[in-house]
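Look for chain A in each of the two complexes below; its partner is chain B in the first and chain C in the second.
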Partner chain A sequence: MTLSTLQKIHEALERRPEQIDEEKRNGKIVVGWVGYFIPEEIIYALGMIPIRLGKGGNEHLVELGARYISSQNCAFIRSCMGMFVENTDPYLQRTDLLAFDNACMQVFRLGEVSEYISKKKVMFLGIPRKLFSQSSRTYFLEEMNHFTRKLEEVQGHTLDSDKLTKSIELFQEIRRLTLDLYNSLITRDVPISWNEVNAVVHSGYYLDKKTYAILLHELIEEINSFSSLPSNCKKNVRIIISGSPIAPGDTKLNDIITQIHGTIVGDNLWSGRNMSFNMQMKSPSIAGIADAYLNRIIHHSLPCFDNELDNRVDNLIQTVRETQAQGVIYHTIRYCDSATLKTTGLKECLKNEGIPLLEIHTEYSNSDLEAIRTRVEAFFEMIMATEEMGVLA
Partner chain B sequence: MQGKIFAGVDIGSLTTKSVILSDGAVLGTSKIQTGIYPEKSGEEALKKAMEITRCQAEFPDYTVATGYGRISSPYADETVTEITCHAKGAFFLHPEVRTVIDMGGQDCKVIRVDKSGNVTDFIMNDKCAAGTGRFLEVIASVFKVDLDSLGSMSMQAKETVPISSTCTVFAESEVISLLARGEKSENILRGIHHAIAQRITGMSIRVGIEDAILFSGGVANNVGMKNALEESFQKPIIVPSFDPQIIGALGAARVAENRYNS
Partner chain C sequence: MSATYQPFRYPDEIKPLVLEKDDLVFSDGTTVTSEDIWEFMTVTGPKRFPFSFSTNPAFGHQLSGDVTFISSIRRTYFGMTGIDRIRNFVQKSTPIVIVQGGISNDLYLASGCIPVGPMFIRGWLMNLQEGRGYRKANFDGAALLEEARQNLSFECCNLIANIGLLKNRDLPIAAIAPCLCSRCSDMGYAVEAYKSQSGEIPALLMDYPVNHDGGEWRTTYLAEELHLMAERLGKISGKEVTDKDLMAEIKLENRARALSRECEKIWWSGEVPPTNSIDRGFHHLALMGGFDFPVANKILEETRDELKVRVRDGVKGFGLTDDPARLFICGSCVTPNQNFVDKKGGVLVGSDDIWSSINMDVKETGDPFKNLAMAYASLPYERSTEERAQWTIEQMKASRADGVIFMYNWGCNYQSAIATMITDIIKNETGLPAIIIEVGELTRMESLEQSQNRIESFIEMLQ
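After this line comes the complex of A and B, so read on.
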């Protein structure tokens, strides 16, 4: 079943490059960004068009990117580098200015090299290594102010506080709606799959933000209008996906999970739900934005900035409980070391909570397709056998 | 004769195996080379195993296919992964087993098993061929000896020549260099077996090891590998008297029996 709003989103996405061309003719500047802390609210409030960039699932782009960046950068970063080199992505082509943060040093490296490849102006946002100390907050606010001033110089006018307030409201609304969309997956027999939700979230990287908010509203209303559907999903194994990003174009793991009757009920991915989660904006100001971004629960492909205050594991356990998931598939992209190195500790923590974890370590080629299928299938068999034992006991 | 007939078919990358069970007893087994069409290999192995049993039934009452070729098995009632099947097969033979090390043609796995024979955790090698039958085939071709001789040759070693690479391609180059340097074949082979054992030991840390440990898969027939694993783990390793290469198919037949009865 395809929801009619999904079709509308698809059509809006098809029209979007031309729409951006029209806006550019009217003087709009497109800011393409890669990172986790780039304040889209500020870009939007200045009258610019923020576009989140990134591509996965394409081995050719990885190979192309590896000619310009070390092959020991993760497949996603090499793929993004390949995207810059190939320069056929319609959104990258329309980008006037590029922005990167250095939370992940591989993203920072991508930014550095892309400056030479793309010949576009590149801006960097510095991120403190210890997120929660007072000096970190001061540093990050300075970085955010500096980033804003640079944007103002490009745009030719200063940031208007009313426009910033409205922009924050719009982005917070999108985040709230995105979380509602993910929450709909918790219900059994829901007429939308995680793969579709993921595609919707990815379309939000590119669509006009007001249009996107309206479409999200419509989609959630349409989902809510469905009564319980007859389906065989009840026997499916309920899974949370965590780990490295699953970028637009990368469907390998999700497809396998779906093919062998798994149901993905949520994620905490950088490329997915995590961007909308736990964003508390206390004041409509640059300081408020800086604090909100720093206070977020960071995604798993970032390093452990602060071991004592790292709340990612607790949050993952909470997500598993809330979604009634039966296990976690921890997706690690080759050379995404920050995610990969955490696997053993994370697995142990989850095991103590009775939550099984399967690590899938992969990249974008299809050579390991069947090996991944076997692992995921065996993981599901293990979960089902454990549950059957529980029922019998 | 007889009760219901249950079959397990394990279509591996190099060999296809089948086991026929009835009333918990093995009636027949077969083992053939996997051809380019896994579906035909599975059918042929099943047919051969059924012929050996001389039972009147033309087809088993329930068949489970496993191994990489399981996705092309229209003759099977169900498919189950080789991870579950190896655990079930090993547990059937040795109920005290809590860890299974399976080294097959193209992958190796460490599987943890509970007291009911269910899988509690597992790890598989990913893209690398180290520690697999294919790796040992390449090494055997360098020494120009049969695959079956590798283990016994390594047992004649007086010392161990360290092998720094377990990458199949680099290890092959390294072995050629060592031979050129005048190192003895048996010492190099012992080093090869130890390098693989070290790799398996490293892998197993991710899932933990608990006694008793059973070694299954075609490589388990290699006495040098068993010896190297025992030295690396500092623990005894069980290689079952039942052909260890057929344990996956045996497990599949056990799953078939359980499914049918439940």
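After this line comes the complex of A and C, so read on.
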């Protein structure tokens, strides 16, 4: 069953490149960005069009990208590099300038090499590795101010505070609706799957923000209007996905989970829910934006040496509890060191909480499809067997 | 059937040349006479560290055969006995601190700590048992790396992977205090993984703002980070770190850096290379100081003086072919097997990694923390890739390089990412050939043919 709003979103996406062309003819500048801290609110308030770039799931792009960046870079970075080199992505083609942050240092390098290859104007935003000290906050605010000044130079006018306030309100509304959408997955027999939610969130990378907010409203209303449906979902294993980003175009793992009767009930991915989670804007200003971005859950690419301050594992455990998930599938992309090196520690922490974790270490090729299927099946069987034994006991 | 290689021996004929040199006076007041040095290099050393005297061609750290280059013999002595000085520090409860990031030692030493790189971890464990031969050292080193990777990830770079050994091994490490994120992305994740697995050694993070787009706030932030690190290290060492302490250390290390730069300029000015590739290790000495900078500076002075004479007299480094292909090395923390390069008709004339840090000259007046921050922020290796490439081109011209090799360790995401870009820029602007080599040896001391074949082919092409 397909929700009619999903169809509307699909149609809006199809029209979007032409719409952008029209806006560009009217003088709009398109800012393509890769990363996790680029302040879309500021770009939008300046009258520019922010587009989050990035592609996964395409082996050809990975191979192409590796010729320009390195085979030691993660599959997502190689794929993005391939996308920049091939330059057939309709959104990339329409970008006037590119922005990268360095939360993930591989993304930073992607920015450097992209600038060299594409010859497009590129901007960088520095991210502190310490999130909780006053000096790092001052540093980040200065970076944000600098980033804004450079955008203003490109745009030809300064940032208007009223427009910034409105922009922040709009993006906060989108975040609130996005979280509502994820929350709807917690209910059993919901008429939308995580794969569909993920696709909706990805469509938000490209759609006009006001249109996107309206469509999200409609979608949530439509979901809420459905009464509980009879289905066999109740027997499915409930799973949270965590780890490396799952970029647009990458459906390998999600498809396998769904095919073998798993239900993904949430994620804490930086390509998904995390971008909207815990974003508290205390003031409608650049300083407010800078603080809000730093106060989110710590990004997985930012090393945290202090277990007391590290809120990521607690957040994952909380997500598992809230969604009544039975296990975590920890998705790590080849050479995504920030996710991969966390696996052992994370597994130990979750084990102490009675939460099973399966790491799936993969790339965008299909060569490991059946191996992953077997591992996920075994993981599900183990969860089911453990629960049955618990019931019998 | 396996070949046997006789261990390297210094000939008795050079003994008078070694003995005529000054004693080495260490910071703790101990004196090592030139007689002691000769005894160590000919008797004690070969017994304690037999693998270091191996002449197996695959061995990447062979001793130089240039037995008349006496400062190099003294430097080798200083290097081999570094482990003894560390043991002394441990005995006296001087904190040993794991660092990383290509930045200098000034701050750590001024804070009363002894900075060591991640390789120290394996080095310490290997040195628990002396008398290992070449093959045994190879096997034991590989086993340690495997253990480390099991605790972290097989995708971690083989240098940083050593952090994984901290999980189950007892080492005299007081703190892990790396600088993130200059040059390396794996260090942060490795330390984080260690801490998340109940690691008890304190981990102190010093943030390095990577963005290269100017901005005084970046050096202000870095200076504050240096202050904070000094304060935290001071708590570990029990020493209050004053501006005066830091300035004194900066002056000492500035001297080492200046001497090293002087050595390099003299070396480059030679019509023929005045030493072989192995004997060019003076930059490493100037950066790390061999755990005793005054002695390091003394040896650097001797190196400079010997180089001057050799260049004046047109002496060619031992073991080099006539008109060898001059190779400049770029990339991550790895260099080719120097002995192999020399034998195949090449010679190493520079590398961007340590040379970048050696080029740092910290201002000796004003706020030392700010001065150090400004110096770190200006390190060419840490600048934008475009700027780094331009700087590398300048160094290649100054060293009269015939070609460039961009090398990186397997698992090094951050440096490998820009290999193609840098080599492209160099090729386009200089017309000189360049090659990218991924080193997959992972500390192995055998079966190195793959990367050696590539180096050999490149040298052949340059000839």
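Rule of thumb we're sticking to: the second predicted complex is superposed on the first by the 383 of 393 C-alpha atoms of A that agree within 3 Å, B and C clash if a C-alpha of one lies under 4 Å from a C-alpha of the other, contacts with A are read in each partner's own complex, and residues count from 1 in each chain.
What we mean here is this: a residue touches a chain if its C-beta (ideal position, glycine included) is under 8 Å from a C-beta of that chain, and two chains touch if they have at least 3 such contacts.
Fair warning: this is a prediction, and the values are worked out from it, not measured in the lab.
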In the overlay, answer first, second, both or neither for which of chain B and chain C A:389 touches. first
So in the superposed three-chain picture, is A:26 touching just chain B, just chain C, both, or none of them (first/second/both/neither)? neither
Name the contact category of A:337: first (chain B only), second (chain C only), both, or neither. second
Of the two partner chains, chain B (first) and chain C (second), which one does A:352 touch, if any: first, second, both, or neither? neither
I want to verify the contact counts: of chain B and chain C, which reaches more residues of chain A? C
Going by the contact rule set out at the top, does A:227 touch chain B (first), chain C (second), both, or neither? neither
Between chain B (first) and chain C (second), which does A:73 come into contact with in this model arrangement: first, second, both, or neither? second
Thinking of the overlay built on chain A, is A:109 touched by chain B (first), by chain C (second), by both, or by neither? second
Which holds for A:142: it touches chain B only (first), chain C only (second), both, or neither? second
If we overlay the two complexes on their shared chain A, which of chain B and chain C does A:88 touch? Say first, second, both or neither. neither
Intersection of the chain A residues that touch chain B with those that touch chain C: 343-344
Complex contacts: residues of chain A adjacent to chain B: 343-344, 347, 356, 361-362, 367-368, 370-371, 373-375, 377-378, 381-382, 385-386, 389
Where on chain C does chain A make contact in their complex? 151-153, 155-156, 180-181, 185-186, 188-193, 195-197, 203-205, 207, 209-213, 215, 217-218, 220-221, 224-225, 228, 384-386, 408, 410-414, 416-421, 424-425, 438
Going by the contact rule set out above, which residues of chain B touch chain A in the complex? 68, 71, 80-84, 107, 116, 118-122, 124, 126-127, 206
Applying the document's contact rule, which stretches of chain A touch chain C when the two form their complex? 67-74, 77, 102, 105-106, 108-110, 112-113, 116, 124-126, 128-130, 133, 135-136, 138-139, 142-143, 146, 303-307, 310, 313, 334-335, 337-338, 340-346, 348-349
